[in-house]
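You will see two complexes here that share chain A, one where it goes with chain B and one where it goes with chain C.
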Partner chain A sequence: MSERVDILERRAGAVDIIAVKGRLDAGSSEKAEERINRVLDAGGRYLLINLCDLDYISSSGLRVLLAALKRLKKDGGALRIACAQPQILEVFTMAGFHRIFSLSPDEATALAGFPAGP
Partner chain B sequence: MAFSEFGDLFFVLFQMICVILVAAYLITRTASFTRVLDGLVTWKSQAILILLFGALSIYGTESGITILGATANVRDLGPMVGGLACGPVVGLGAGLIGAAYRFSLAGFTAVPCSAATILAGLFGGLIFLLSGRKFVGIHGAVLFAIGMEAFHMGITLLLCRPFDQALTVVREVALPMIIANAIGVFIFALIIGNLITERQTKAERDAYLSELERKKAELRIAHDIQMSFLPERLPDVPGLDIAAFSLPAKEVGGDFYDAIPLSGQRIAFVIADVAGKGVPAALFMALSRTVLRANALIPRSARDAVREANALIAADAKSGMFVTLFYAVVDPVKKTLTYVNAGHNPPLLFRSGSERVLELKGTGIILGVMPDADYGEETLALEKNDLVLLYTDGVTEAIDSHEKQFGEQRLIETVTGCHDLPSREIVDRIRRAVADFSGDEPQFDDQTLMVLRVV
Partner chain C sequence: MAELTVRAELGALTAIADFLAGTLAGSADDMVFSVQLAVDEACSNTILYGYPNREAGAITIACTVDDDVIRVTITDDGVAFDPLTAPPPLLDIPAEERPIGGLGIHFIRTVMDNVAYARRDDRNVLSMEKRRPASG
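So, the complex of A and B:
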């Protein structure tokens, strides 16, 4: 199985930025989940997920995002999603995710939305 | 030293090495030795090892070459290895046996030789303790042997009088003894090292296999739970031709479908996809299905049934579990279909005599994430030969060898033009189309289908 998802991590102040590129489906979301959990295990409390280059998301991908959100909420952190493409937003809307996630049009707006600031 | 003496020395050394090889092999294969390697020290196994290494020490004395009443020998080998590999008790015990035997032979160097043998076992044992109750390794063991024999020579010089005689003896035997003991310890260390690696590999393999076995069992259990919660047969509904199919993936599980007879000949159809895998997903599926069934049976609207079910499921949802669900109540008398779509991929409605395919889009959030979520419902009038295709994303996400997805468009094309076939036939066509498309590619997600045809 070739790599269908590419994950890049960086930090801006207290915020961990994870860019997920490619496809987040049943075959690839485990990898994304591991990477996100690694950031959270390391004490990350403010997570910005950048979906600028995400082409596709399935219910497995939604589960990964939801698991991260639940974990952060429990620990008093925050998760924001930036830059989701129209086809991704459509899936979010279908699932009702637009009602539970903070969605921002771009990374800068999302960063500004964190309580601690970047 | 004449050449023949060198030859003798070499021959004796070679003979010794052969015996040591065999002894090393046999001793390290005893149950007592492997038990000590595992850290299980009992008095019985220690006693056995003391006797074995003690016997090796006696052999070391006997096999030596006597030079001026002193012998170039490997007496210290048994106690050294016993101590290095099994700890101070075994080292000291074997040393005492070897020393007692050496002392009984008397001779000019009896005292320092006996003392050195006891100390060899004791020091070996101390090194064992210092290494954290473990064998120190090949390098450490060989260095210790060299150092120990040099020390042996040192106390001979210190204790034996007259000094000149002691010096002559030491000059003759020092090098052969250091070399012989170093080689002997090297052989033992090599075999012990191999044994430790071999046992580690075996332990790792055993752990891996049992983990694999456990995973397989878990997958089987998950699969069994999932299958046991699918309806064995679909009910007969007047005016409807129904067929369904579910093919669980190896690891990702949690699709289900259901058909629940309600009052007034009405019937509720469900298709759902639990996100998650293994036993947790299978149990979540069982929970969701049961909660939904219980709520469907209470006389109330479709949206109320789903809203109540969501409130209960959300209370139990842990670690990001959720379920996408499409719930539809068909009234064969009024010829209507009322649906609630909780974040499930939109089912497709193929109208009779129309090319257009309608999507039955979402009317609310996925189940399990917002306990107080509200849901909308939509009602459609059904006509003869209308066809509703319910499916999970495992169908449209099936990939071919180029990782292209089967997709909604192919699904629509497969059904278009054959709405008037029996539902069973349509389900089979889709199954075949998906299977042909994905070829040998592994199936990543459950594939579930349900076809409702108005007749």
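So, the complex of A and C:
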């Protein structure tokens, strides 16, 4: 198998939720980037990335998240990350990304961090 | 020693991760994750940048597990590239100003205890070591 990532999208009010499951490496990050950009192209301004079931992330995966964060900040939106597992958090910390991303322990906490209502 | 040779294509990264998981079975989870991350970053660089305007070559990953250390050697026939000459990334500046890139090599240096590069017989040879704690 050449790629091992699943990406699921849904909405909660004004927030687009994208769950990324499996491995986010150089081979699968392009697919994740396409899906995120599709949501942002459609006008999504509040993006919650759920990493509960993400087992692995490399610098390629971090680059995709950083690109989305930059784009949303420029457009007056927001991105929050929920539920990253300890080894994923360690990669964020190594990159210094724990200081530039909003990381929440679970999806409900992340959702509550967005501005209320449309 | 366990060894795996793959074509230098992005689709091979999962096979490399599986090979390391199998070879390092019995080591602590965080050791396995560290070695997988370092090897994945090194191989990703080779695959993305090692074969400009020519057909992808081959990458060989050799791994030995001793009581006190895990050794991994990655050999490829791509263009000469010493990752250890890359400057460290700027980690303390705002997201908007971050340059993209340089993180992979930073990860390799961070998670491994020793990293050495050599160019031998028209091949890049990256040797890495990760010390194992006494408890395994």
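The rule is simple: the second predicted complex is superposed on the first by the 113 of 118 C-alpha atoms of A that agree within 3 Å, B and C clash if a C-alpha of one lies under 4 Å from a C-alpha of the other, contacts with A are read in each partner's own complex, and residues count from 1 in each chain.
The rule is short, and it goes like this: a contact is a pair of C-beta atoms (placed from the backbone, for glycine too) under 8 Å apart; a residue touches a chain by one contact, two chains touch by 3 or more.
Quick caveat: nothing in here was measured; it's all calculated off a predicted structure.
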*Have a look at chain B and chain C on chain A after the superposition and call it: clash or fit.*
clash
*First (chain B), second (chain C), both or neither: which does A:K73 touch?*
second
*Pick one for A:V64: touches chain B only (first), chain C only (second), both, or neither.*
first
*Could you say whether A:A95 touches chain B, chain C, both of them, or neither, answering first, second, both or neither?*
both
*Classify the contacts of A:G27 with the two partner chains as first (chain B alone), second (chain C alone), both, or neither.*
both
*Of the two partner chains, chain B (first) and chain C (second), which one does A:R45 touch, if any: first, second, both, or neither?*
neither
_Is A:R35 touching anything from chain B or chain C once the two structures are fitted on A? First, second, both or neither._
neither
*Applying the touch criterion given at the start, work out whether A:Q87 contacts chain B, chain C, both or neither, answering first, second, both or neither.*
second
*Indicate the residue numbers of chain A shared between its chain B interface and its chain C interface, in ascending order.*
1-2, 4, 25-27, 58-60, 62-63, 66-67, 69-70, 94-96, 99-100
*asked:* Going by the contact rule set out above, which residues of chain C touch chain A in the complex?
replied: 10-14, 17, 29-30, 33, 36-37, 40-41, 44, 47-48, 89, 91-92, 94-96, 98, 100-101, 103-104, 106-107, 110-111
*Would you mind writing out the residues of chain A in touch with chain C in their complex?*
1-4, 23, 25-27, 56, 58-60, 62-63, 66-67, 69-70, 73-74, 87, 90-91, 94-96, 99-101
*For the complex, which residues does chain A have touching chain B?*
1-2, 4, 25-27, 58-60, 62-64, 66-71, 93-97, 99-100
*Flag every residue of chain B that touches chain A in the complex, lowest number first.*
249, 252, 273, 275-276, 319-322, 324, 342-343, 345-346, 361-362, 364-366, 369-370, 373, 393-394, 397, 399, 403, 442, 444-445
